[in-house]
């Protein structure tokens, strides 16, 4: 018995000795943040070309410009000046002098040029499309060219030539986070994302990464050689709540173990309300955003060939619109979602207020379907790719509402390589689609669906192309906001009439912070965009 | 004793070997190019067909499976488990950051469950049909009647949100890796992990104790004039431990498997969770290797429990 | 004739033994009530468990909605009852599948011995090394979420326990003289195995099955938590409790988790008491 | 005078067992005495209550058994009287007696030794409990005793575990445990039943030798009349929880009076028995312990039963000094004891 106890004790101590020695404590109270990134297993930081969801890229890297949400304008960051020619086919950016990387090197226009090429050429990049009109984009993307032919660097000025007129070009480009060429430039494009650089990335942002202890935490400290106004908080701790559910992170925020919660944490307003109920110091901020959720008809092709010709009829689509109970769906988000009659945020400038809101009306839908000779024996496949409970609830509601009108529906969760499943395989009749637009591109959804060419499931529909292409082109080549608004209104009306895409709701974002621990620039945050104004953050303790 | 341990360890070898063979051929049979699993995927993509052929030749991928198996085994011993299909990271590195913590979690879970389970089971038998007995029995039936994750969430609400005693998740505070600074982070997951095993052990220990208490050598002990506590503890309890140990061995896989759920609830980066994340990402090499790792963990820990049993029971040790 | 008589008297004695165990009887009655309530769900509640009624969301318990409604306005009581059908069905079918497979393999392994035995035993050992949760997780991950897949997986991963028990019994029964005499009388192997040996292992198999039903219901709930259980539109107890796992729901809408948790708890408790009683009754060594 | 002569007096002992809701009277008014330094044999078929009687003396009854009446008086060497039947089960007073004053050997040596401790430590435990000895001295004493008990290589055997011993050897260890503290009374509950015949004789021989060397009184419980004739000074014959005949070994063997004793003698081969004497079987089976009787328990199987035997209980009758019998046949002849 004694031997046994001794052995157990020894084992306990042995295991206890596994981890290393503790480090000296921080001198100033750090800002505590939650950290998790999109890709699963966290041994590396994710490149900002893939992930701009968590806060770390905004601290460590810097963008060409900031978006001042309050005044709705771009303000200089790494680019001090920018200009364009009259027909919006050539843009020049002047890069700031004397910007230092965290390793002491100086940032040059070459770094910016390198980053743009990386965004385009990296196969994993989700930020490539913002450069799609630059000459030579396709050649670089497909690996036929080594460099972007439409881009030239002269001293600290970068010139980008566009293949076609596009006044909104900078609205897409401004948030590009610049990476150091001197550390990444000698690698193949495809190797960059998994290179050792991402074990402790080096940027030129207001904070530099100090200690990395994956998969538990990492810390940042204020970068003293920062070109702009120095950050208000010296130390930042990112604690990983990567694995698993949100419950532990939510509890940590209630307890004051996390000072600021991003929208990754606060997915639903009722979560925020519950947190505030338990910790009155917490405050929720509503961030203006343009996250659109909609149902898109597949009118083009299915890999399994099981197309539903009935959906080509306008009346059938309109009937479906009548069956989507937007109001109820939006209410699932506890006030965070706004039911919208079009694919534009109702708060936005371009929102077409003439379009009537379509309430659920089963009788009318049924009548429309019958008039259109809808085949009630077929099953409509609805695909979705979010695996959260609310989405499951929405699908349950949809199934029920469609069944009320006698339409059989099969909802299924797409798992695996989503890009292929959504754009190539397309084994669905309706897709529950989500997308985010920037402030400057309020009508981006119409724009995306006609021009990107990626949304093949409807892009090749002639009828639709004829209807939208001209308007979309005009929208893209118009710089005047009022004129754009008019075009947008027309497109919204067209979509409403033809019901190609059924709006579900527009999702605002909620962020939270602990008023007892930290002071944040509320107005800047609420205005949205990507200006975190780190200099205005202050620890209260 | 030494001989016994040696024998046990030797007996492990064929099992480990069998597992490694299964793993090797399962990975072999996976769709796709075996070469892609020997290097980061982006490197692989950058190679031309001719380069790939050359690399295959150089790495000996064209050799017979047996030779490749042994080469692969050698790599495993050097910590090279191949590369993840989703992140391109070396699986060995990924495991290194998590496996020790899952072992830690499971070990303390096992220890806590064993200690509490045995103590409560003993008390329950020793004070049969008293309030203590009913209390212990109720705990044990309750513990096996609810899913583990549920206890986890309730613990977070109770100990973390309401009482603010313990952190709700994670493995350690920022900047401190030391054992004692990690203790608060271990408490809730370990407690959750221990619950179902504790419940099972209370029941089992009680029954086993009652069974042993009816044995003749207990009468012998009493006839010596020993105190009842001495009789129960020294003579009955130690004997009742032996069948209980068998139960622990049988429940070990369930304990280790529970780590997937518990690590998810408490955001505790460990291998159960790694398997889950990899599964969601369709990262089959990682899934396979983590699963195998848990298998090895179970195997080793059952050997450990067997050794403890042998320490308790001379018949096993010397037989 | 005499055999028949003896059989009934044995069953009767076991029954009396079972009835004497108060907890076992409580368990049996509990099981009966729960199963009957689930089967008679349409009689007990007028509500459709899947009908979403946005007008009456998150109601507290009332005379109209005994346990209130969930976040989609579905009647919780109805969901628990109809969900019980699924959960119990999954538990029972999976337990039956796993135990039948295990019993058959155990019989073959124990009776034939030799190579067949060593192969089956090593498969069994291998399979029981791996944590069930992980294996189930993997299989669901590869095969996709559906009730049928879940049942198949539970069957496939659940047999080693039973197989071990049955094999052990068969091995000891094989030594009994009556098996010898059967063989001497020219009765074939299959017949001996299934007519003479298997019935003698029924007791442990039945006990193991009842316990497994509880285990599978809990496993299903755990897998649901990991997002790898049955599809969302199947209202099992596991899925119902899983829909309430968010911290704010746990705190503000307690009925959403208390109800399914209580249902799982009561059922598992009942079946455990029942199983314990059965074990004591069927175990010839206990009085 | 009595205190000097007797070491244990059992008066009208009643021990009940609760089985389910029923109460079984396992021992139903047993009376006997053990003389100092002598051997009392309790004989009877299995289930007659002899073991229960022994366990009652030691207060070692299982939880569902309890002493319902009568008294057990133990007289210590100093002459004090300890009423064992009044002591709390597992209480400190009975524990001071157990092992030190009265020790016990059980039937099955295979299960009476704790498998997880060395035999040495199990004997040492007994010694340490009752005497203040240091380890080395105790060990030497134990090894000496083991040698005395005929265990080869006692030094090596001391550190071995029970499973390394044969049955006979284990019973020797049990005797060592029982004898290490020089008890005044040794209760041996069928110590040889589970052993081979050859070993039986050795074990009995040992017990006899121990008794001689240490002057211990012995209660030997057995169903074997052959053993009785060899070792007993006094004999108590038990049937269905009662002593049906009690007397010295000479009285019982020379003049068995109770029909059950007679039948018992006929059914067992006794050493030196006449070759022409036939062995007979007692007809019928022992009734169930819970049977309710209105008359003599043995009447059903008794060859000389009279109708009266079924109607009333017989009383203890003293037929000669130290010889009692409980049978209606003798009630008129002798003087009634009850």
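When the chains are written out, they are named A, B, C and D in that same order, and each has its own residue count from 1.
Quick note on the criterion: contacts are C-beta pairs under 8 Å (C-beta built on N, C-alpha and C of every residue); 3 or more make two chains touch, one makes a residue touch a chain.
Quick caveat, the model's predicted, so the values are computed rather than measured.
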{"item": "Chain pair with the most C-beta contacts", "value": "A-B"}
{"item": "Farthest chain relative to subunit B (centres taken as mean CA coordinates)", "value": "D"}
{"item": "Centre-of-Cα separation between subunit D and subunit C, whole angstrom", "value": "52"}
{"item": "Distance between the centres, which are taken as Cα means, of subunit B and subunit A, whole angstrom", "value": "39"}
{"item": "Distance from the mean Cα position of subunit D to that of subunit A, given in whole angstrom", "value": "90"}
{"item": "For subunit C, residues contacting two or more additional chains", "value": "227, 245, 247, 251"}
{"item": "Per-residue overlap in subunit B, given as positions that touch at least 2 other chains", "value": "153, 156-157, 161, 238, 264, 276, 280, 312"}
{"item": "Residues of subunit D engaged with two or more neighbouring chains", "value": "none"}
{"item": "Chain-level touch network, classified as line, ring, star, complete or other", "value": "other"}
{"item": "In contact (per the touch rule at the top): chain pairs", "value": "A-B, A-C, B-C, B-D"}
{"item": "Subunit A - residues contacting subunit B, complex", "value": "1, 3-4, 7-8, 11-12, 15-23, 25-26, 30, 32, 39-44, 123, 188, 190-191, 193-194, 211, 213-217, 219, 237, 239-245, 247-249, 251-252, 254-255, 257, 278, 415-417"}
{"item": "Subunit D-touching residues of subunit B, taken from the complex the two chains share", "value": "214-217, 219-228, 235, 238-239, 242, 312-315, 318-319"}
{"item": "In the complex, subunit B residues that touch subunit C", "value": "15, 18-19, 22, 141-142, 144-150, 153-154, 156-157, 161, 250, 253-261, 264, 272, 275-276, 279-280, 287, 290-291, 294-295, 298-299"}
{"item": "Subunit C-facing residues of subunit A, complex", "value": "245-247, 250-251, 268, 270-271, 273-275, 278, 325, 328, 331-332, 387, 389, 392-393, 395-397, 399-400, 411"}
{"item": "Residue numbers on subunit C that touch subunit A, as the complex places them", "value": "50-52, 54, 71-72, 227, 232-233, 243, 245-248, 251-252"}
